[in-house]
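Order of writing sets the labels: A, B and C. Residues in every chain begin at 1.
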Amino acid sequence: MTLLSETRSTVFHRILNREYFVYYALILVIVFFAIVLADTAFLSTPNFMNIIRQTTPITVMAVGMTFALAVGHIDLSVGSVVALSALVCSLLVDVVPWPFAVFAGLCAGMLVGLINGVLTEWLKVSSLLITLGSMGVISGVARVITNLESIPVTNDTFTFVFGSGSLGPISVMFIWTLLALVLGWVFLSKTRFGSHLLAVGGNPTASRALGINVVKVKITAMVIAGGAAAMAGMLYAGRLHGARYSLGEADLLTVIAAVAIGGTSLFGGRASVAGAVVGSWLMGVINNGLILWGFSTNEQIIARGLILIVAVAIGVKEDRK
Amino acid sequence: MLGVNKFKKLTMTTAIAAGFAMAASTAQAGPLETIDLSKSPEGPNGNAAQSVDEISISSGEAAAVKGKKYKAALVWHASGDWVNAVTKGAKTKFEELGIEVVATTDAQFDSARQASDVENVMALNPDIILTLVVDPVSGGAAFKPAVDKGTELVLLSNPIAGYKPNSEYTGIVTDDMYGMGVAAAEMMSDGIGGEGNIGFIYHDASYFITNNRDNAFRTAIQEKHNDIKIVSEKGFTEEGQTFELASAMILQNPDLKGIYVAWDVAAEGVIEALRAQGRRDVKVITHDLGQNNALDMIKQGNMYGTVADRPFEIGQAMAMLGVYGLLDKESPAFSVVGYDKVTKENLAITWEKSLRRPIPEKLSEALK
Amino acid sequence: MTAEYHVPDTALEVREIHKSFGGVQALKGVSFSILKGEVVGLLGDNGAGKSTLVRCISGVHPQDSGEIIINGQEVDIKSPQDARDQGIETVFQDLAVIPNFDVSKNLFLNREILSSNPVLKFFGWLDHKEMNRQSEIALKRLNSRIPSFSEEIKNLSGGQRQAVSIARAVNWGADIVIMDEPTAALGVEQAAQVNNLIKLISSQGIAVLLISHNIQHVMEVCHRAVVLRHGRAAANVRIDDITPDDLVGLITGAKRAA
């Protein structure tokens, strides 16, 4: 009923659409590595569970970043929020009941998001600059509160729930990934608020004229990005049984690459949570495959940069249409 | 000294928060602590240091390993000249023993990345893993997949909290950090004629190797060189900060005759600062070898001398300890390799000895 | 063309509207009214106060003094939402649509239909099916030729997009639609479609205030014209009683209202 005049050619156009690029890319990369690395355990359930386990914090951050990008913002501070919230949680988790520590860690991240959002609206400056600044401040704070030392976590319940545990062959990380995917997708695609986020990113003037509280929506998006980064921090702390100021430092580029290649516009208005999740898997599979193949980290960095360029090239081409 | 006091206070709070985890590790040192030079450095569980020369593999043992198609993975913390030399040492030894190196990773000082690296290389089923653990605290969780599978783990320098030698890992191989610090103090004394004021630029982060070397230097100056006085102490966390630190230091203390700085790349900033202020008279002492500073040394600039360790030997010893594990042979828990005091005179020889590659052409030209 | 005068009800009346920005008096007491089903052209040179007046009525900048009366009741309009609550909708010249949204999402933006399930409703769960159904009805009412409701707006023509904007206004049961240069960004054929749409909605009893620079469009679509000059209503004339040249004269000030 809704597709009144959808012809075969538009169906074809949709299949070739940028939104689907990441799915093809993932399949292609898996097939490629499966052939090249046939003599290793690349194509095995434990290895894929490894990839999920390693990638989940990135996945969670990518889902949060999708919300920031949806309204036309970007959050460069996600990496430093990871460290801050992981440290806050780790410092508290063996002192107070662990749910409180988790709550405190999440609040730290959302507070940073709130400050980022409010400053961006108040100063009318690009979120790029604001979060560049807050990235520096937060990573400095993370260093100061721990004096560059690692904070161990010994609470078994916490480490089980936040990354180290598994239910049979299924790592809890997989459950967190599914949760991030479902929550993010429902929120962005199925609810009124998600619709407003995309409207604000697509045309802020029109959204304001139609009575949407643009400022509130934009700030909320930044709070979500901060909260997701904090969640990623918990997952790192749970997986590593401790936290350290350097956590998340290297994740920013990977997160942006994952989100961009997943079909989310870097300029607002178009966002795909599922694409971001699959994009993060793509980065994880490439990382895993290159190591198993014997490539060095330097070559992996080059590969990641190239993937980002490809993603942005396809994205910009699509947005110009 | 306010900074130092503040530092101690922070250490206290984090130590309380951190609980017991590091308490077992006596070797864990922070910046600016006095150490007992009468003892040799101790391993994390109080094991006395042994010379790396005591590690050896008999021809019979080698024959037992060869042909078994054992595999090894190198899970490093970073990359660079020094890591390359360790890798080269390990690979050479593994090759002799018919063991294939199937993967080399570099965590770029990111503990989460190192945990992923461990999981990834485990898919290749290595029998031996050589590693430098980025974070001794979270390392226990990171390396658990390897320990669970019975992989022989050999550690470089850093211990892992809760792990024991000849159990979770075979042994630790490291530099003779105290020896290097003491040697640096001796070179400082030689460089400035045995007396005068000096500056001390140390690595202000909790890092096993650099903390031990810095502290050993500082303690040796205080205890063994009574006519030399450290009048200024400044810490850095990033190599790029040393230019500003050294500039301020010589402005505040124009009578400085020498400056110690934690390692070679960090020393580049110090030398730059001295050049900028025209202070050719201030001697610089550091650790490790690097081309730029070596050239300065040859040209009789500020760089007086450096203490070079032997990464190639570390790699070889680690490879052998891996094989100890395969053979169920009791490993020395804590082995140290030697070092060389490097000045212009012995630069060419020590360069090859340390890094196991010929001295770069630029340097050999300059030496002529 | 005279049917509208048989409808006595006044849809919107403004009385003595004043508005200043700093020391500049943009509006110096403007008064006029629009009947139900009437299309009134609001004309004037740049800076005459058209946009300011529209912003007062649509709640973007509340007036300093004066009254806005809707269906005989004085109302207090302080925000765009207040205006909307009073049945005033605004259609902007710059095609105020969300480019990546489909037709139905654009029609229902900020007025989404939520799921009837109370739990889902609490979380703001959208009822896309119902919105699509109602979009179809709304666009049929305007005889619009929209290819597909699931098509993203950016793939539609300018005229189709403006049709969606107008449908959005009408769909919300607006009694009064303010159109700020709705055809300025459009080609000839597209503009003609929009003009037909304006006639259509006025025939359905909706009062339209049309801001336009295009005298030809005003002559074709409007029943009456209000001309602003220097913040005052310089003329309020029936289109049937005036020639295009006279209208231009009123705008430029070359001619004074009788």
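Please note the rule applied: contacts are C-beta pairs under 8 Å (C-beta built on N, C-alpha and C of every residue); 3 or more make two chains touch, one makes a residue touch a chain.
Since the structure is predicted, the reported quantities are computational estimates derived from the model, not experimental observations.
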{"item": "Chain pair whose interface holds the most contacting C-beta pairs", "value": "A-B"}
{"item": "Most widely separated chain from chain A, with each centre as the mean of CA atoms", "value": "C"}
{"item": "Between chain B and chain A, distance of the C-alpha-averaged centres to the nearest whole Å", "value": "36"}
{"item": "Between chain B and chain C, centroid-to-centroid distance (C-alpha), Å", "value": "75"}
{"item": "Where chain A and chain C are represented by their mean Cα positions, the distance between them in whole Å", "value": "42"}
{"item": "Chain B, residues touching no fewer than two other chains", "value": "none"}
{"item": "Touching two or more other chains - residues of chain C", "value": "none"}
{"item": "Residues of chain A touching chain B in the complex", "value": "40-42, 44, 46-47, 50, 53-54, 57, 91, 94-95, 143-144, 146-152, 154, 159, 164, 236, 239-244, 246-250, 287-288, 291-292, 294, 296-298"}
{"item": "Complex interface listing, chain B residues touching chain A", "value": "7, 10-11, 14, 17-19, 21-22, 79, 102-113, 115-117, 119-125, 135-138, 140-142, 161, 204-206, 237"}
{"item": "Residue numbers on chain A that touch chain C, as the complex places them", "value": "1-6, 190-193, 195-196, 198-199, 202-203, 205-212, 269-270, 321"}
{"item": "Chain C - residues contacting chain A, complex", "value": "80-81, 84, 90, 92, 94, 96-101, 104-105, 109-110, 112, 114, 123-126, 132, 136, 147-150, 154"}
